[in-house]
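Before I ask anything, here is the structure I am working with.
Going by the order they are written in, the chains are A, B, C and D; count residues from 1 in each one.
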Amino acid sequence: MTTSTPVPEQHGATVEAGAAPVVPVGVLGARGRMGTEVVKAVTAAGDLELVAMVDAGDWLFDVANAGAQVVVDFTRPDVVMDNIRFCIDHDIHCVVGTTGFDEERLATVAGWLRAKPDVGVVIAPNFGIGAVLLMRFAQEAARFFPSTEIVELHHPGKVDAPSGTAARTARLVAAARDAAGLPPSPDATTDSLPGARGADVDGVRVHAVRLTGLVAHQEVLMGAAGETLTLRHDSYDRASFMPGVLLAVREVRRRPGLTVGVESLLDL
Amino acid sequence: MTTSTPVPEQHGATVEAGAAPVVPVGVLGARGRMGTEVVKAVTAAGDLELVAMVDAGDWLFDVANAGAQVVVDFTRPDVVMDNIRFCIDHDIHCVVGTTGFDEERLATVAGWLRAKPDVGVVIAPNFGIGAVLLMRFAQEAARFFPSTEIVELHHPGKVDAPSGTAARTARLVAAARDAAGLPPSPDATTDSLPGARGADVDGVRVHAVRLTGLVAHQEVLMGAAGETLTLRHDSYDRASFMPGVLLAVREVRRRPGLTVGVESLLDL
Amino acid sequence: MTTSTPVPEQHGATVEAGAAPVVPVGVLGARGRMGTEVVKAVTAAGDLELVAMVDAGDWLFDVANAGAQVVVDFTRPDVVMDNIRFCIDHDIHCVVGTTGFDEERLATVAGWLRAKPDVGVVIAPNFGIGAVLLMRFAQEAARFFPSTEIVELHHPGKVDAPSGTAARTARLVAAARDAAGLPPSPDATTDSLPGARGADVDGVRVHAVRLTGLVAHQEVLMGAAGETLTLRHDSYDRASFMPGVLLAVREVRRRPGLTVGVESLLDL
Amino acid sequence: MTTSTPVPEQHGATVEAGAAPVVPVGVLGARGRMGTEVVKAVTAAGDLELVAMVDAGDWLFDVANAGAQVVVDFTRPDVVMDNIRFCIDHDIHCVVGTTGFDEERLATVAGWLRAKPDVGVVIAPNFGIGAVLLMRFAQEAARFFPSTEIVELHHPGKVDAPSGTAARTARLVAAARDAAGLPPSPDATTDSLPGARGADVDGVRVHAVRLTGLVAHQEVLMGAAGETLTLRHDSYDRASFMPGVLLAVREVRRRPGLTVGVESLLDL
């Protein structure tokens, strides 16, 4: 591996010319839908170098042999814990987008990391920076508005309503409202068709639209006397998760221990 | 009354310079919320002249004595039928925004008009041209899109959900879908919180948002593979009904008999 | 060719069970970006059968030999006239999305068709039904609103600003305003940074936004006292043109002679 | 002045039951457009008491005699400095919405306050919390998105384009982009009508729409690969500034010295 001059790259990170060495990266689950995108994004990033692609049937040792300093894992819940353990044992930092982490699993990973104080692991349920910012801003703004409702809009193939992200946003908004001592959102409705006023998530109304042609969209509407603040996120493509993944790859080496969620990497 | 040169006026109607005489107009319910707006709008219109303002306690004969050719009625269901009868008897055209007309009342008015073949009466539940256009366009476009849903947004003091306009739009869309033989909108939802997917109005999902600071807003979302068509109407102010009222005042003299709804005046 | 029972298909067209024979379709330019989509769409449609795929280097006679009744042409301006001539001579109906048609070319095609009174040719610059509906509705609504402006939003790789569709919409709106005798949109701006008020297209202001991640979007904003009517079209994908192409394939056999534009097929 | 149990009030501030004494408030410029709103808002707030209304021709001493602890000033640039000096001399806290403050004026007020270490003065150009939050969020999110553009929409009577708020937002976004080392927003436009791409404010494109019926609206659009984040603020009414004014009235007593801008009161 040689030190090259990194090319400035599109999504916000700056690279000091001639300074930082290129970071060798391995991808686990490299042939999956998200893994394929990660491979493309790492390859296109001037300050990262793809040194190993591993999927079911491949040797995990390849990533160590190839000198990977950071591994990105988009695999499956049944193999992800072994992958993380392997990386920590070999002093490789991990960025994990595989789902299925509960408190117990997080505690297990944190336990492994205590023996390796220099290694970092980032585990995030959603690497979409836009979605994470939306949630953060909704949470911050909620206490200033008597009313908040959420409209999420997705393709009609989605099986759950509302979306997990919308439900999570609603709970964060509800908690912020409670903490500020806000009364319930005013609502004089007395004559309603069933379902017209949406689902009630901790007192925040959430409406789920399903429309052919849509992908994944969310709108948080906040109202006060004479004004509305609307926060909207449109996700058209799996590519939208890549800036968050790359940010985690760059940051994980500077953040030993366990980091949960992309939001803590954003320095908001 | 003298023939003046009408001033071109803001909302679309053109007036041939030096040609049309000014139309004398009377307002019934002139001190009510809508009547007050009508008085202002007629006064500001260069091709109309306000000749009589009548409200509870005033003489209805004033409008005839003042030479009104057209009367605008925003009164109450219990007096409106007497008002219309009086106007027809005196050969005065009527524009009626008072609510509470059912088939029987409409038939009664039509009966009265048969004896007066030159007199016109326009009765409309909603004089908002934007709202009427939205309904029309939704109806026309519906058959080209596998999915249509409606989101209406109002101030939190509203007692019914969804709004009458949204429910009516949904029924028009549903009828257009049926006429075109469209199957139900696709929807794979199997795991839903109660209300998340909105109210079902003839198979069209309608979502009602209530937010401090809003007035009256409606959005029709139509989706096909790879595209969305969104029709949105925002009403901020009672003034938004005046262009429709003025249009009816100008058109009613050319349309003898009974006309129901503003849409038929729009020549769409 | 056998008579099968057509499967009802997603984009609105209804097929009477057991009635209509399947229509054999050939695709010219079948390996191009649009052609590939057409091949997929025809294959997926229960009332159509793909019988020939032709691209540069293939024999045009294949479409005739395969019994195609309708040909879809997304090729290039330098070959499209020969393709159309060939189809007309062989009594094959044509749906043409290839660009580059001017008045002269249209007149030439119309001339060829005079000798074949049963053959139909549909030539359209944009098969997106949503985009066509948006233009139509904007045109119809324009005369009721003192103000109309257009905002179009595209990916940053687009070289022209505003988009051709936005410019065309602006011209249609301007013509509708002129026909209704509307004065210029009110605008008190006296202190402006260069470009802030957008481009002036026949008196209609058009604003072009360029944003990473967007595809093709257009918004027509119409304002009157107290209300706004917004018409928005979002196109995410080339698939959005297919309903228009399929509609043309189904309609062209019933419309002998030359038809220009999808709008005339929509029976609006 | 007696200690009452303050009624919880609508816009987010919580009041400990039975604890806080009601704050006596004086309003300067009480008969102006903003002053009238302030009088209404203070009167409606359970934890505040309106003790003095002063306008041109009234005695300034009234506010001191009435025991005002906080004064709200929406007057004119030519009298505001005298008003502030008077209040500071009488140990009355000030909330100032009057325009026309430059660095020199701010320095003068700060100088006066050095002699009165317990007195607080809040001076803000815009008390709209929604607008302030929008600016803040745009600033925070900017570095994560290759593209940011701004669309502001106002009534057609507005003389400047773009609006001061939009221009200020653009400069804040531009500064955040610079600080993060972002390259210019990508833009391949080579063929443009004059003005189509908006005004260039420090490299951020700003588009100004003027439409009959609108009030004051602003949209910040941020794009990355596959996603868009949209922040929108709609202001319909002067009432939308009151929550910010009341927040300042409540906070100013705890913040001795000079505070500029509402944002520093929001604890974001």
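The definition used in the following text is that contacts are C-beta pairs under 8 Å (C-beta built on N, C-alpha and C of every residue); 3 or more make two chains touch, one makes a residue touch a chain.
These figures come from a predicted structure and were not determined experimentally.
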Chains touching both chain A and chain C: B, D
Homomeric contact chain A-chain B: same or different residue positions, threshold half: same
Reference chain C; chain at largest CA-centroid distance: D
Approximate Å spacing (C-alpha centroids) for the pair chain B, chain C: 34
Rounded Å distance between chain C and chain D, as computed from the means of their C-alpha atoms: 48
Separation of mean Cα positions, chain D and chain B [Å, integer]: 39
Where chain A touches two or more other chains, by residue: 10, 145-146, 212-213, 222, 224-228, 236-237, 240
For the chain C and chain B complex, residues of the former touching the latter: 8, 10-12, 14, 128-131, 133-134, 137, 140-141, 143-146, 180-183, 222, 224-243, 266, 268
Chain B to chain A touching residues, read off their complex: 145-147, 149, 151, 153, 156-162, 167, 185-201, 205-214, 221-228
Of all residues in chain C, those that touch chain A in their complex: 10, 212-213, 215, 236-237, 240
